[in-house]
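In this document, chain identifiers A, B, C and D correspond to the written order of the chains, with residue numbering beginning at 1 in each.
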Amino acid sequence: MSARRASRTSRTDPAAEHRRDLLRTMVLIRRFEETCAELYSAGRIRGFLHLYVGEEAVATGVMSALEPDETVVTTYREHGHALAKGVTAEPLMAEMFGKVTGCSRGRGGSMHVFDRDTHFLGGNAVVAGGIPLAVGVALADRMQGRDRVTACFFGDGAFAEGELHESLNLAALWRLPVLLCCENNLYAMGTALVKEHAQTDLALRASSYGVRSWAVDGMDVLAVEEAARRAVDEIRGGAGPHFLELRTYRFRAHSMYDADRYRDKAEIERWKERDPIDALAARLDADGVLGEAARSAIEADVAAELERAVAAAAEAPEEPVSDLLRFVHSEEPA
Amino acid sequence: MTTTTPTTTPTTGTPTGTVETTYREALREGLRDALRGDDRVFLMGEDVGSYGGCFGVSLGLLEEFGPERVRDTPLSESAFVGAGIGAAVAGMRPVVEVMTVNFSLLALDQIMNNAATLLHMSGGQFAVPLVIRMTTGGGRQLAAQHSHSLEGWYAHIPGLKVVAPATLEDARGMLAAALADPDPVLLFEHGSLYNTKGTLPAEPAPVDIAHAAVRRSGTDVTVLAYGGMLPRALAAADDLASAGISAEVVDLRVLRPLDEAAVLASVRRTHRAVVVDEGWRSGSLAAEVAARIAEQAFYDLDAPVARVCTAEVPLPYAHQLEDAALPSAETIAAAARSCFGGGHG
Amino acid sequence: MSARRASRTSRTDPAAEHRRDLLRTMVLIRRFEETCAELYSAGRIRGFLHLYVGEEAVATGVMSALEPDETVVTTYREHGHALAKGVTAEPLMAEMFGKVTGCSRGRGGSMHVFDRDTHFLGGNAVVAGGIPLAVGVALADRMQGRDRVTACFFGDGAFAEGELHESLNLAALWRLPVLLCCENNLYAMGTALVKEHAQTDLALRASSYGVRSWAVDGMDVLAVEEAARRAVDEIRGGAGPHFLELRTYRFRAHSMYDADRYRDKAEIERWKERDPIDALAARLDADGVLGEAARSAIEADVAAELERAVAAAAEAPEEPVSDLLRFVHSEEPA
Amino acid sequence: MTTTTPTTTPTTGTPTGTVETTYREALREGLRDALRGDDRVFLMGEDVGSYGGCFGVSLGLLEEFGPERVRDTPLSESAFVGAGIGAAVAGMRPVVEVMTVNFSLLALDQIMNNAATLLHMSGGQFAVPLVIRMTTGGGRQLAAQHSHSLEGWYAHIPGLKVVAPATLEDARGMLAAALADPDPVLLFEHGSLYNTKGTLPAEPAPVDIAHAAVRRSGTDVTVLAYGGMLPRALAAADDLASAGISAEVVDLRVLRPLDEAAVLASVRRTHRAVVVDEGWRSGSLAAEVAARIAEQAFYDLDAPVARVCTAEVPLPYAHQLEDAALPSAETIAAAARSCFGGGHG
């Protein structure tokens, strides 16, 4: 995103252009996933598929505060993070199809998107399991004198895992440059926040580790971006880890397997009224910097991009079975 | 001591006293029977309640038994497995569900260092009558963090019993037997079996968790399998039959302690053995079974024991790679045939 | 202790008598462990041996607030807890010797003291590993309608483990009757508190889970007892779990293996001035309810008890090797 | 790529260019060489710094290399092992110490689901050049939560290498080889070996972590062992020699991938094999070794492969019980002798 942003800010109103870019990213994520849902129903994507629909503002806003060479570690619900970080739709879609042109060569699938070029370190499907990795990347950056921030995403459910606690303490103790982004979408699968946590103010709890923490409206991409920038600036300035609790909601079920029996339909509808894409579009409209035509152009552009991605993925070759045992060990020395 | 009242609510009654059911529903009936029959029994784990269990096994039980006895937990594998151990020590009969064996690594310290060890370490004072259920296995394109078969590790731990239902009977009946055991029992459900359909007697028959079961008799070669590999072993036996090889298929069922007598008895009859195991080959449970056969039936063997295991690779998402990594009816049959090919002996 | 207390409160001044009992318990723990240290040096006790010297007020004060049928779960540094809970010196010493008359039949040793009669559930040597057990016992009590409190002891080091976090949340979420006693002796082996935790106010952190928490002077047995009683009363009243941070210090090295290179000798000396036994004795003297003779009597009584315990342990038989495989599984049905 | 400068600070110089040392000191020299030779190397774990390592291995390194490179961690096995993985991915060469294999269960999710898996799951993009050291084994009356030998479990995991130094040479040299490996390597030190004394050449010789080593040549029976069991296997060989049996003792050294060629070559010469393993028998690494021999050298064997493992009991504190549970020179020798006793064959 940063790269794209940079290439476009030469136009007349850089701020407006930037906000349109944010909108485009969110639309790309939304449409990408809607396409995935269809392809899943058609049996062309398999395994587990967790959609981010409704939460796009979180990944989009945070990534906007990161540099291209800064690492992101995230979960199985990561298509949005990948696209926002700059992984393009084509290798991402190919990964969904399990093709060798996929960003993880088809070995990872939806839950394990990896991309070295954009410093995208997964795609971790053990809840909370990615957090220590992010702490380690931050440690390496610090030890090697690189001025980088590593961002890590995880859910409200992950906050209950021991690894979260250990990692928060370690990051705070060593004042490591890591931005911990807790996507609080109020559910861990079918378990509501109040059934996961005795004390549900997660930002407050994170602050008890000596980590600066804020709760942020995760449906407002500009608010997310602003909070992330502020946190990243402070981290770059040496203030140690920061924690953002991003209050958001998933509009769809936990995964394609989930019948979503545990949520009140009215609750879902209420949250849909706060759709982050509609909200930003309305704001841009109000500011006179979007309009019907521009929005249609974004949609058309995204649709074309996805069409190409799907076509390419469909045609791409499968990895030959004779290569099964590759990548268990490195093919080159250290 | 645990008295399980026979259920009278079969899924679908049939005139002949049998019910059409699935592996999933059979497991659910087992849970329902246990919850009905003993107040000390409760089910606890992530999403066992409102969600109905990540694979739908416990659907409806929350409504029937309430949130005290069908207890949703936070994502805290170590704490809720440990709490199950503590509750078992203190007089309850907890059934703890860990979604999959992959995540059970987060609770392995509790299972190994407490559940399996407390009785011994305390000189016999504190027993742990706990059942832990989890899903194991691959074959559903869930990739490298959701597909592994690690039950062999648990079968290494003294103090545990480890069982793996492969049939509807066992899916329904093993839980009662596990709960009747005074010590911790781990029950491994195979993810690819949940939708298996079949019929069961309306009245649940008691199942024993001490013995292997011969699922198909044969005379020429013994194929040993369990859990998700049993259907593949049976398919291989069909295939072998059409090539004139009579394969006996033994369902290990109990992974610890192994029913060595049954294994050896079959191999001593057939003189050839193929061990099938969805775990990775090196250090697999299949290695143990093969080693025992080679140790104790060495002079009865007409060919080396063959093993068919999963390729030594974290399971990939891509279907063709995953398929190639897992044992199949074809690779099992080929291994069995290879027992007849040798020029030595 | 409760039983002993009950049997003695018939004398003239029950409060004074009770405080003398507390003193006796602390002296018993101290002398028991000094004896162990000698026996260890003589090679008659083996394995790891972790002494509680300096921390006696913690176990003694907390146990005083518990009923005999209430469960205690603790760590490898548990001789003091066992003695205070009512395990007698004889089976405890026999356990140190690895004899079949030991409370764990010699299978546990110093780190794994268990005693069913006094509801003493170990002796857990994986740091933080006992905490979930205590939560589970409390859960069983609640589900079976027993009005009991389970007490769990662990160190400042344990607070960094994921299991602490998961257990605190679970206990708070389910409002379980468990008293979490964190023995903050400022070190986890050789690692000082400030190197273990970014935020070292452990009681404050525990409170962020929605658990009522207090920091208590762990060198003052009466303060500990009072805090424990207050917590236990509230827990019995249904207030859910409570957390006590007991600020204490170990006067000796972490274990008999430890050369104690990492602590400042002056720091150790400063803490020794606050010896909990001397402090209580001084207070009783000042109140005119102890005196030289009474204290000597306690010492003599304890010495005799330990002499008997050592003699019995020395003479007790070893378990025959033919019994090695016993207790891997239960000998009776459930 | 990792260049390790040969150390020039032997513990005690001797005229002949050798030094008197111990297993512990040899490990420390290996660490010191690694820290000196490569800025990317750092040591991290509980009490590796001020305390000097729970078994004294890293004593003095904090003073020499400072707290950034000899890094005490909180008690958080999962987080600091995971952080080691992340740091390795990001260009460092971490050496993470987990005090004992028993506690490593708390980090097993990270080791299995991340360290061993990232490279594959990412289609070759993210390698994890990490070394994890830990102590294993019993024999010191540390009872059931500090004494187990679980390295066989790690040897089951594709994506890992697993090594176990039994000699002073290997104690000093294996770390450099492990750090030169682009992928995760687990190094198991045996708790009973730390005080082993001996001499080493002053100049460290490179050690390979691909091959088993014949520690004593023999012609009648192959005894396979590693780590803490090697001295017992060698003692058994002495004992057997005096009874006229020539035992070859092979130190497996590398538990994953097994040096199958070396194992088979020896067994094909001697026609008899005893596998010694401190793990519990069922599902032990010994089962894998025995299974491979029986699979691939079946027709070369004059007797069934024998296994000598630890009794299937959580290790007890009492010395006589612990001794009885562990393999000993006597039980190893007896197993070897039993290979000659059979009336069959």
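Keep this in mind: contacts are C-beta pairs under 8 Å (C-beta built on N, C-alpha and C of every residue); 3 or more make two chains touch, one makes a residue touch a chain.
Since the model is a prediction, treat every value here as computed from it, not as a measurement.
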Centroid comparison with chain C (C-alpha atoms), farthest chain: A
Pair joined by more contacting C-beta pairs (B-C or C-D): B-C
Whole-Å separation of chain centres (CA-atom averages), chain A against chain C: 47
Averaged-CA centre spacing for the pair chain D and chain A, given as whole angstrom: 41
Euclidean distance of C-alpha centroids - chain C vs chain D, Å: 37
Per-residue overlap in chain D, given as positions that touch at least 2 other chains: 74, 76, 78-79, 102-103, 106, 109, 113, 120-121, 143-145, 158-159, 312-314, 316
Chain A residues counted as touching two or more neighbouring chains: 104, 106-108, 112, 124, 126, 129, 160-163, 166, 169, 173, 195-197, 328
Residues of chain C defined as touching chain D within the complex: 46-48, 98-100, 104, 106-112, 124-129, 157-158, 160-162, 188-192, 195-197, 258-259, 261-262, 318-319, 321, 323-325, 328
Residue ranges of chain B in contact with chain A within the complex: 46-47, 49-52, 54, 72, 74-79, 102-103, 106, 140-146, 311-314, 316-321, 324-325
Partner chain C, residues of chain B touching it in the complex: 1-2, 40, 42, 68, 73-74, 76, 78-94, 109-110, 113-114, 118-127, 129, 158-159, 179-183
Touch list for chain D against partner chain B, complex: 102-103, 105-106, 108-109, 112-113, 116-117, 120-121, 143-145, 148, 152-153, 155-159, 256-258, 279-280, 282-288, 290-291, 294-296, 298-299, 301, 303-307, 312-314, 316, 344-345
Parts of chain A lying in touch with chain C, wherever the complex brings them together: 160-166, 169, 172-173, 195-199, 204-205, 208-211
